[in-house]
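Labels run A, B, C, D, E and F following the written order; every chain starts at residue 1.
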Amino acid sequence: MSEFRTRHAREHIDNEMVIIEVNLDDCSGETLSYTMDRLFAAGANDVYYTSIYMKKNRPAYKLSVLSDKKKQPLLEEIIFRETSSFGLRYYPVSCHRLGREFYQAETAYGEVSVKIGIYQGEPIKFSPEFEDCRKAAEKHNVSLQNVYDEAKSMATMHYKS
Amino acid sequence: MSEFRTRHAREHIDNEMVIIEVNLDDCSGETLSYTMDRLFAAGANDVYYTSIYMKKNRPAYKLSVLSDKKKQPLLEEIIFRETSSFGLRYYPVSCHRLGREFYQAETAYGEVSVKIGIYQGEPIKFSPEFEDCRKAAEKHNVSLQNVYDEAKSMATMHYKS
Amino acid sequence: MSEFRTRHAREHIDNEMVIIEVNLDDCSGETLSYTMDRLFAAGANDVYYTSIYMKKNRPAYKLSVLSDKKKQPLLEEIIFRETSSFGLRYYPVSCHRLGREFYQAETAYGEVSVKIGIYQGEPIKFSPEFEDCRKAAEKHNVSLQNVYDEAKSMATMHYKS
Amino acid sequence: MSEFRTRHAREHIDNEMVIIEVNLDDCSGETLSYTMDRLFAAGANDVYYTSIYMKKNRPAYKLSVLSDKKKQPLLEEIIFRETSSFGLRYYPVSCHRLGREFYQAETAYGEVSVKIGIYQGEPIKFSPEFEDCRKAAEKHNVSLQNVYDEAKSMATMHYKS
Amino acid sequence: MSEFRTRHAREHIDNEMVIIEVNLDDCSGETLSYTMDRLFAAGANDVYYTSIYMKKNRPAYKLSVLSDKKKQPLLEEIIFRETSSFGLRYYPVSCHRLGREFYQAETAYGEVSVKIGIYQGEPIKFSPEFEDCRKAAEKHNVSLQNVYDEAKSMATMHYKS
Amino acid sequence: MSEFRTRHAREHIDNEMVIIEVNLDDCSGETLSYTMDRLFAAGANDVYYTSIYMKKNRPAYKLSVLSDKKKQPLLEEIIFRETSSFGLRYYPVSCHRLGREFYQAETAYGEVSVKIGIYQGEPIKFSPEFEDCRKAAEKHNVSLQNVYDEAKSMATMHYKS
């Protein structure tokens, strides 16, 4: 089946994950953005910020990092070195991940890779890759939504029929 | 004591709860709202969204579901089928819940049910039911706050004296 | 009527107001809090922050200042000197303000001042002063809500009867 | 052309609109929700809340109402009566609205109305009505996204070919 | 003075600016990010998103675009083509911008450009360019904050002495 | 070394911590602020609020409290007595805290205490105490940033050389 990429993952549960969190009230937005890049580059599974209200009337951000436990020491070092944090907290989490396949949709705007999510053997999710859509939209001067909708529609028809 | 509803719960701690979370950067607000309805209908104890900042400059929402562990598989299926998620995470939590009673306040705008919270045997919380207040306010063309304040005041006086 | 404070304001519309706004992506929460204090001290009518998503993945805050046009130059100087801003924007707004009176409620926890809002001659709003409630709650070791509810109830009864 | 609804609007600019805003730091979420319902029922074009950081460490919400200037007095009265506000502000805005048509898509899950947006004579937007999609999804026990995608795809093909 | 870049701007007020805003409840985070890029590329002065609460329980985002009035038609077309919007609103604003100069700081990690803000003839703001700091930090394997602090310190000393 | 305060803490991991959380949809901003003060006074390590979207279109806040497990019962009582909560949840977390020292910087605006963060024996963080900076800035009529930058620069030079 030449239309599937070699990358493939079965649906599974991973119990060796951890969430690391820290509240930051004296970091600039530039530092927050840079720290996110560093954490992803070092292997974090996910990194995100949440706006929070801290004491003494201080708008602040909570940094959350989802990581494999093995990478925790490295990611903690980045947090301590790049942010204003004097302490962080963490707790174990489990992750349930769908099986994944890729389908190459031959749209009117060129080939677009679509990620397929497999839940208990059934393909239920059809997600065109953003970068492919962006490039096709810019090349053909159409809206991103046009490309995205066509690629998704083709992948859905392929799997549902 | 005819003024109390039959529904009653003692103060207790429940250790069999779980929080399920997933970050969503390609769901519309309509889908988020619909998913919340489906999760409540399937028995979730609580469902809420938090606005977060994800990679690649993407505004996104974190979905959080508080659930009994027994309902976790059903709620996970709804999340996978209705949202754009390819993976979710979860961790166990304990819940401490107050005892609950209901008092029927005979306000000038009609009967309003007031939920009473019991902490270590002491009634400390008096919360008029929103739907009762809303209906009374609309029927009598007064502000919601009017009805709410009177119902709360009557319940407080009943229990405190 | 000794129970009303001397401070009194009629309901009115003020067309000489302005909103000043600036997006800040490299200020710490401490600086934001300090700047708010400075702006209020210099006569701003209101100051608030909103969490926003700026370019290059930067979590940021929008500072909004509501001010009389006469105070605009002074407040702009504070913004330029205390924050990281290289530019700000502003636009004129009109304000519709209720008439205001004060009622002194003699609660079981001491005297609490209640601000009354007058809409077209009718008292419609009864707002106990937070600081009075806080002091009474701490002195008598009861919850803030207890004091607040009793003061509001007394003011409402005084005006409605 | 029986497939278009009678409701139709040409693309236009409306200069008689106003935004009314008020910062609320002592309203409950229940009151905010109820006030939104009242404002829509009274004819507001749009109503939304934004989480803001006010003085004295108070999490708060800004209420924003988009309205025709003729409805402003009625909407202001609702705000003053239902919320804790002692004052509000407003400023004029212009609205640019696309032309609108409706297409009835005959999907595998039943008829779904699709709103079409017309920009300078060109149909550029295809938005299936949420309520139609929700009912079809629940009746046929499929995900909302399934129904939405098919209806949008049919409308797009109808107009683009 | 070879250490100043040729780009230079005097402090001024610009009354020909406009804010364009639209509430989006059915756009994905990917679309929002792509739209921001398109708007900046087309000449918007600033683009940002704010998380808001819309009707029917829908988490949503408000898009705000600050623009010269001349560019308004082009930016409106991008918004209509790329987002789910059927209508947008706008209002005029004035911008007060500081004078700007650039200083090249010769730090231990290489040259870093520092933007200087001039308020009524006085240099009051010293803001190292993020990209210069990022490159220097990565090249010398030090924290971003190290480079930023040194560059700012050098610029401050140069102007204050 | 007279320039260090007596307070000192070694880098360590604390496994006896807990996060307590509760979603609040009928508390005013005043109550939220007062509750935060009470929780800090009773020994909470950290307290913060996050804006969330709850069911029935209700803007709400999540209260999060980081605490030593020994203080949990006391903090839960404050939450139950001061807020509208009928139930709360909690889960264990571990905290990783840097070593801490204090350096007294003799700035041109007076003495400012700087908190030093020690990571695996290396001083990596230099954080001037906000209150010292605020007082110095107000006394000498300079911007807060001026004082902060100078104190940080002096502490950094002391430790790095």
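Convention: contacts are C-beta pairs under 8 Å (C-beta built on N, C-alpha and C of every residue); 3 or more make two chains touch, one makes a residue touch a chain.
These numbers come from a predicted model, not from an experiment.
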Review point. If you check the contacts of chain A and chain F, which chains show up for both?
Key: B, C, D, E
Revision key, fill the gap. Those chains that touch chain C and also touch chain B are A, D, E, F
Revision key, fill the gap. Note, CA centroid farthest from chain A's centroid sits on chain C
Check your understanding: For the chain pairs B-E and E-F, which is connected through the larger number of C-beta pairs in contact?
Key -> B-E
**Study point:** Rotation in the CA alignment of chain A with chain B, degrees, nearest 5
**Key:** 120
Point to revise | Chain centre separation (chain A, chain D; CA means) in Å | key: 30
Study note, to complete from the structure: Chain centres from averaged Cα atoms put chain A and chain C apart, in whole Å, by 41
Study note, to complete from the structure: Cα centroid separation, chain C vs chain F, in Å, comes to 26
Check your understanding: Where does chain B touch two or more other chains at once, residue-wise?
Key -> 26, 30, 36, 49-51, 53-57, 59-61, 81, 84, 91, 124, 130, 143
Review point. So how do the chains connect up here, line, ring, star, complete, or something else (other)?
Key: complete
Study note, to complete from the structure: chain C contacts chain D in the complex at 17, 19, 36, 40, 46-51, 61, 66, 91-98, 100, 115, 117, 119, 124-125, 127, 130
**Study point:** Partner chain D, residues of chain E touching it in the complex
**Key:** 23, 26, 50-56, 60, 62, 76-77, 80-81, 84-91
Exercise for review: Spell out the part of chain B that touches chain E in their complex, as residue ranges.
Suggested key: 24-30, 32-33, 36, 49, 51, 54, 56-61, 84
Revision key, fill the gap. In their shared complex, chain D is touched by residues of chain B numbered 30-31, 34, 81-82, 130, 134, 143-145
Exercise for review: Report the residues of chain E in contact with chain F in the complex, numbered from low to high.
Suggested key: 51, 53, 55-57, 59, 124, 143, 149, 152-153, 156
